[in-house]
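To start, I am sharing the structure in question, which I have written as structure tokens.
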Amino acid sequence: MTADFDSVRLIDVSRHFGRRRALARLSLGLSRGDIVGLLGPNGAGKSTLVGILATLVTPTSGDVRFGEAHAGTHGPAIRSRIGLLAHELHLYPELTARQNLAFFAGLYGLDAGAADAALERAGLADRADDDVSGFSRGMRQRLALERALLHEPRLVLLDEPFTGLDDRATGLVSERVRQLAAKGAIVVLATHDLDVADGLVTRVALLREGRLVEDAPAAGGLRARYRTLVGTR
Amino acid sequence: MTFARVALLVLRKDVAIEVKSREILYTTLFFAASCVLVFAFALIREGRPPEEGPSGILWIAIAFSGTLALGRTFERERYGDTLRALLLAPAPRPAIYVGKLLGIVLLLLVAELMLVPAVALLFQAPLFARPLLLAGLLGAGTVGFAAVGTLFAAMLVRSRTRDVMLPILLYPITVPVIIAGARGTSALLLPSPDEATALMWLALLVCFDVVFVTLSLWTFEPVMSE
Amino acid sequence: MKKAFVPLTIVVAAMFAYAPVLIARADYEATMGLVQKIFYFHVPSWFVMFTAVFICGGASALYLAKGDPRFDRVAASAGEIAVVFGLMGLVTGPLWGRKAWGVWWQWDARLTMALLVELIFVGYLIVRKYGGPGSEKLGAAMAIFGTANVPFVYVSVNIWRTIHPKTTVVPTLAATMAIPFWYSVLAFMLLFTLLMTLRLGLERQRAALDELYLAEDDDV
């Protein structure tokens, strides 16, 4: 059932909402081991792009391929290889950490052991049976990250994963991302935090008003490059 | 991931949340009770209930409480955008719909366990004359109402005007359910209960259920995708 | 459809111009006299309304299944026309009822059923306008459910009303009145086609305008 893929390709993808063009003729290729920094000002289309990569948003034109497969025909199989951490975190505050993970583990066809292992990795094993509503933002973020990675997805989509994290937590998340890429995942990291991204990403994809303005290997000096291409307005 | 497993997983999750906070349960029950009381104060004159009152009031209370419960249930999925996470999972999307539907039906059935004795008491209505038929009408009617309601509430989750939009869309479509339920219940309240009529309305409700659950299963995925 | 527009307009205009002549010449109905003639407007309105309802439901189903925006445009146009002609029927109905039965509204089975379907499609228009992003799909679901509901509304309202028979029976159609009646139906259906053409044209232009806005974006 699982359709593993080595690459993800967006071919001339556009998406509009009525008269507003969110993405315009975007072409992008992603391979295993990539940590792609998706940068751009607010409203540039980063979240829409992440949505399309997650197969939750359908492009109005263009093609999205996971390996050789289409999201349209192989939906569930492809979705089983995708993990998404969005700003909203996708957690049920009324349930405990363990219950949240166990639910999603079940949904992905994993056994309860996967939930326990994820709790360990999140460093929340001692708070496993506390309601998520009592967690700080940082704790929720760690839990949400592990929830997204429960099924060891091939494509990892992280939308602003560093929001509200302190220095130590940011370091832990960065390390986790490096491990994922080292094990062969494709990581897409949408963020405003240029300094963290600078040391972490292997490629930079810069969006501006729905267009891909730059797609190049990372070479340091991210903030300066960003300012030149996007401006400081 | 089998269809039934996913639906039950979603149902168990909703029950687990409800068991902890009991927020939707208590608020729905209390709302249903106040609904019935409002009708009582508005319609009872000199201690005598209106003749055709009880069956209509019962079904109106179910419809109003149901709308409230639907809104609250999907508000929960909106909070952490967990609905998106559910749609992202490799599980078959209609199974998610069925899981939510079962949760709503269960909640409404619990509310009806309170409503039926309350209406019987306050309006002096012999609702327990034919308990099996009444249970059948309530069951089939609840499923029909909830089937359409769950789909509409789910599709309105991202809409800003969802609170007012749900009743506007739901009530006209579920009028046949209300008619069938209320008329069927009325037939059972007659001095000599008219079982044949009640059975006819029950048959109509079952047809409605089959058609609209099927339609909802077909339309859930296209309607929920962005 | 565009080429047929002018001849269609002429035909419809001519038919509507001639209609009062035909209607005036038609036989008077026994019990109600002149008032009954509102029937030549009332019933054809329903014909159009329900045709529009089924077109809207069908197009909506196709839209959800295939995703082609042309189906959505047909559904939007048909939905609006359904509401307009439904309103005509719901106004002429009580006008007739007031004169024929003495009361404006008597929960007559057919009028009630039409009212329900009208409410459903008003809901359709509301959800298309205020539903927020993706409201085309929300509307499509509403239209499909509304159309599927028509048989249920018909059965439940009919039984609901006939268990307490109180209404006078709507007169059955006498042969001498058949000609003006079917003429009226034809005139209304042609008017419907004309309006659909106009409305669809409007939708197409709106879509073309959207494309132009988006294309302008492209060249930046």
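Think of it as A, B and C in the order they're written, each chain with its own count starting at 1.
Definition applied: contacts are C-beta pairs under 8 Å (C-beta built on N, C-alpha and C of every residue); 3 or more make two chains touch, one makes a residue touch a chain.
From a predicted model like this one, the values you see are computed outputs, not experimental measurements.
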| item | value |
| --- | --- |
| Between A-C and A-B, the pair joined by more C-beta contacts | A-B |
| Chain with minimal offset from the mean of all protein Cα atoms | B |
| Chain of greatest Cα-centre distance to chain C | A |
| Averaged-CA centre spacing for the pair chain C and chain B, given as whole angstrom | 31 |
| Centroid spacing, where centroids are CA-atom means, of chain A and chain B in whole angstrom | 38 |
| Gap in Å, rounded to a whole number, between the CA centres of chain C and chain A | 49 |
| Per-residue multi-chain contacts in chain A, two or more chains | none |
| Two or more partner chains touched - positions in chain B | 226 |
| Junction residues of chain C, two or more chains touched | 133 |
| Touching residues (chain side chain B, partner chain A) in the complex | 1, 5-6, 9, 13, 16-17, 20-21, 76, 79-82, 84-92, 225-226 |
| Complex contacts: residues of chain C adjacent to chain A | 133, 210, 213-214, 217-218, 220 |
| Contacting residues of chain C [partner chain B, same complex] | 64-65, 67, 116, 119-120, 123, 126-127, 130-135, 137-138, 140-142, 144-146, 148-149, 152-153, 155-157, 159-160, 163 |
| Contacting residues of chain A [partner chain C, same complex] | 16-19, 21, 24-25, 209-210 |
| Interface residues, chain B side, partner chain C - complex | 148, 151-152, 155-156, 158-161, 165, 168-169, 172-173, 175-176, 179-180, 183, 197, 200, 204, 207-208, 211-212, 215, 219, 222-223, 226 |
